[in-house]
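By letter and in written order, the chains are A, B, C and D; residue numbering begins at 1 in each of them.
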Amino acid sequence: MADQLQIGRYTLNSRLFIGSGKLPHTLMPEVIAAAGAQVVTVALRRVDFTHPEDNILDYLPKDIILMPNTSGARNAEEAVRLARLARAAGCGDWIKIEVIPDQKYLLPDNYETLKATEILAKEGFTVLPYMSPDLMMAKAMEAAGAAAVMPLGAPIGTNRGLKTRELIGIMIEECQVPVIVDAGIGRPSHAAEALEMGAAAVLLNTAIATARDPVAMAAAFRQAVEAGRTAYLAGLGPESSLARASSPLTGFLD
Amino acid sequence: MADQLQIGRYTLNSRLFIGSGKLPHTLMPEVIAAAGAQVVTVALRRVDFTHPEDNILDYLPKDIILMPNTSGARNAEEAVRLARLARAAGCGDWIKIEVIPDQKYLLPDNYETLKATEILAKEGFTVLPYMSPDLMMAKAMEAAGAAAVMPLGAPIGTNRGLKTRELIGIMIEECQVPVIVDAGIGRPSHAAEALEMGAAAVLLNTAIATARDPVAMAAAFRQAVEAGRTAYLAGLGPESSLARASSPLTGFLD
Amino acid sequence: MADQLQIGRYTLNSRLFIGSGKLPHTLMPEVIAAAGAQVVTVALRRVDFTHPEDNILDYLPKDIILMPNTSGARNAEEAVRLARLARAAGCGDWIKIEVIPDQKYLLPDNYETLKATEILAKEGFTVLPYMSPDLMMAKAMEAAGAAAVMPLGAPIGTNRGLKTRELIGIMIEECQVPVIVDAGIGRPSHAAEALEMGAAAVLLNTAIATARDPVAMAAAFRQAVEAGRTAYLAGLGPESSLARASSPLTGFLD
Amino acid sequence: MADQLQIGRYTLNSRLFIGSGKLPHTLMPEVIAAAGAQVVTVALRRVDFTHPEDNILDYLPKDIILMPNTSGARNAEEAVRLARLARAAGCGDWIKIEVIPDQKYLLPDNYETLKATEILAKEGFTVLPYMSPDLMMAKAMEAAGAAAVMPLGAPIGTNRGLKTRELIGIMIEECQVPVIVDAGIGRPSHAAEALEMGAAAVLLNTAIATARDPVAMAAAFRQAVEAGRTAYLAGLGPESSLARASSPLTGFLD
């Protein structure tokens, strides 16, 4: 009955995933609460398992789903290694694959990402690959066992919105697994647009971290995501190029 | 303390105004409730004061602000006549001025609208002129006593969004009175964008009426408007063209 | 037979008008030649009739049409005065009306511009009003005797392109007089787009003046304007949202 | 001295490549002449080597560079087979790789395309892969020996323009080999925009074939491509958001 999102074996009520990379740890609980987020991604290389003090994991609510990411990995092998370390350290079986050799635009390497996806899906991970939007590559990720695909709307951290909407729209139409827009979303209107198009969810980090008031911004995104999803389910009216009168032009004045 | 919208002598909590022109009367109470709307516009020429049955006014909650509009007027004189009739009939002192001689794109006549604004403001109306976006004309409306200005985002009924955002953005920056985007908004993301830019409110009609489920769509717009407003107040982060890493590229893998 | 542009009593072969406000005088002859321009606009208040040395007029080819503009005028009266002075000084009967009270975005005052248009058209001027794009105001300019209307694509000097294309497109469709896009065009692709849409011409200044090589840029715009016009006449194919194969998918491999 | 385009061992003066897939053969000579094209792509599976009558090759000027394409190939192996057949049949050593398993949006398979690129580059072909825009994959194509990369602006045949400009802009900035925009370009302004951004060339088919007058449209594109390239070399002025006066606001009226 409820409108829920299925990712692998997991059923979610929230369609707003949150990153932890740019916010002070102490702010995370409030941001997560305001966003209503159930899934939080954490860069594994930022977790210092040997020095438990100031560990980001200590600041996350116990009931969220931790989605470690392989940020810092430059190829499939490094991503696979990080994923296995995460699971061994008790971080659960979700893994967001980030393979980013490009240090200027931080664009992912789809092919290495695909290889890591294939390996980790076979090992039972719930794999969410971050990718450059590309239909055929998304279908390959799907075939390799990805639980969802995560195309970028614009380069990481740019707050530029759905610059790749043409390609993402096609992915949404043609993919079987959920499409989660993962980078570039900088405003609630961007998030609403993604959900209106049929995206299953969005993942945010910079937009919240660079706001003057991150907690309020998290709340704004929560509403925008819900608005976009509701609109998608409610069936948006068509666009037209000619005007149509709101009120029939008859009566009263005649 | 609360974030309220001042229009003339009135203080509002809702920034989502609703039109009644394309929906079955019987659906209006539910739509208004779902939208959380406090202001509803009604075309005067559609109100048949002599046949009270099936009168749209009967379907509006008692606590909303009725904003009659002069739809059907082709010049200032007709608009003024309609406004006075409305007040005499007990419709209150709000008036949305629509002067639309163009029957193809339904575009307003700013000059006739300005003339009607001047006359009606002097007569004590709370005047909200619907206009083609234009800074100098908006400032003239302001000087003539408009309580707010209502530029179009795209032609009426097109659901095309903020096609005139360049001009509306300048109006928001330079006008003293609230700027309320009044036509063209077709999706919650459009409404959120308007509020994020600093628009004071939006007015919707077609977007809700052409949705498969108008009541759910009204709820979606309510959330989007709140999201956009919250984001505006929370201070949006800047856009950048180069990527910025979400996580500092150090540690763990080294 | 030839595709010519009729402005009042004048027949032109070039659809690229040039401004002179930001370039060194000595560069004007080369820029005009590279642009193939027949119409050049000059700010009257920059012409010092009492000190003929370094007078911009001395740098203009004899066979161009001089279009003085009323830049600096803040209302209709000032614009009318400038226009009369120009004609009296032998500058011919073309006048581009600029009435710009706004000193931040340099946006025109459509209403004062309309008043000046009406007066000057009756006095036999060939009147080209610079305006904020607005269909009903353009039709009023037409009725007042404007020989063409000149809507802005974006604020003067911004190089931002056709940000107002929605409103300009409607003006092109509905106006009887030529529509000439006058501000904001920053790239040859912007100029080509305007002509493809059916604009009669474009007027440029900043785009050429801010180029590293203004003469080469003038030549680029000349080609772009011709390309856009040719495409308009050749009938552009429709856009589609689904792909259509370039080559029928049969044969050879089967 | 001249501004030429180097593709592998070849030096070109024209930056407008033409497809032959949708036009009547008899129109090709005129279209190629009007476009000033030096490179023409032909779908190999449409060339019936056994029935020389009505062979597209007979309609191409002798001095153009024939660029056979592997349209119809669904994987690397099929593309490689087609390329070898083409060379064996005397079609020269250029090959445009198209591997398109998706029959709805006709989107290329970047991974299979990369595999074919690697094989054929080693065999001495001048390889131009058609691809979904993606920086890391473009760099992989480069490393595999591609002479240029050909990202799509929008799905084939849609005439929608540079919908992927965000990704193409990054490819232009970061790739060593020329970037040639290959699908989606529907208007001369789209082509000019690609060249202004720094694309090395564009390839057209549908835009010309769906024009009312294909020969005139080919001429329009030729001018637009030259305009865009000239502008790129002449150094475009910056965009600004605030207006800058074209004429200093002093003198005359004061």
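The rule is short, and it goes like this: a residue touches a chain if its C-beta (ideal position, glycine included) is under 8 Å from a C-beta of that chain, and two chains touch if they have at least 3 such contacts.
Note that the structure is a prediction, hence the values are computed from the model and not measured.
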| item | value |
| --- | --- |
| Required minimum of steps from chain B to chain D, each step between chains that touch | 2 |
| Label of the chain whose CA centroid is most distant from the centroid of chain A | C |
| Where chain C and chain D are represented by their mean Cα positions, the distance between them in whole Å | 33 |
| Rounded Å distance, chain A centre to chain C centre (Cα mean) | 46 |
| Residue numbers of chain B (touch at least two other chains) | 104-105, 107, 155, 160 |
| Chain-level touch network, classified as line, ring, star, complete or other | ring |
| Interface residues, chain C side, partner chain B - complex | 101-102, 104-105, 107-111, 114, 132, 134-137, 140, 154-155, 160, 163-167, 170, 174 |
| Of all residues in chain D, those that touch chain C in their complex | 19, 21-22, 43-48, 71-73, 78, 82, 103-107, 155-160, 186-190, 192-193, 196, 205-207, 209-214, 216-217, 219-224, 226-228, 230-231, 233-253 |
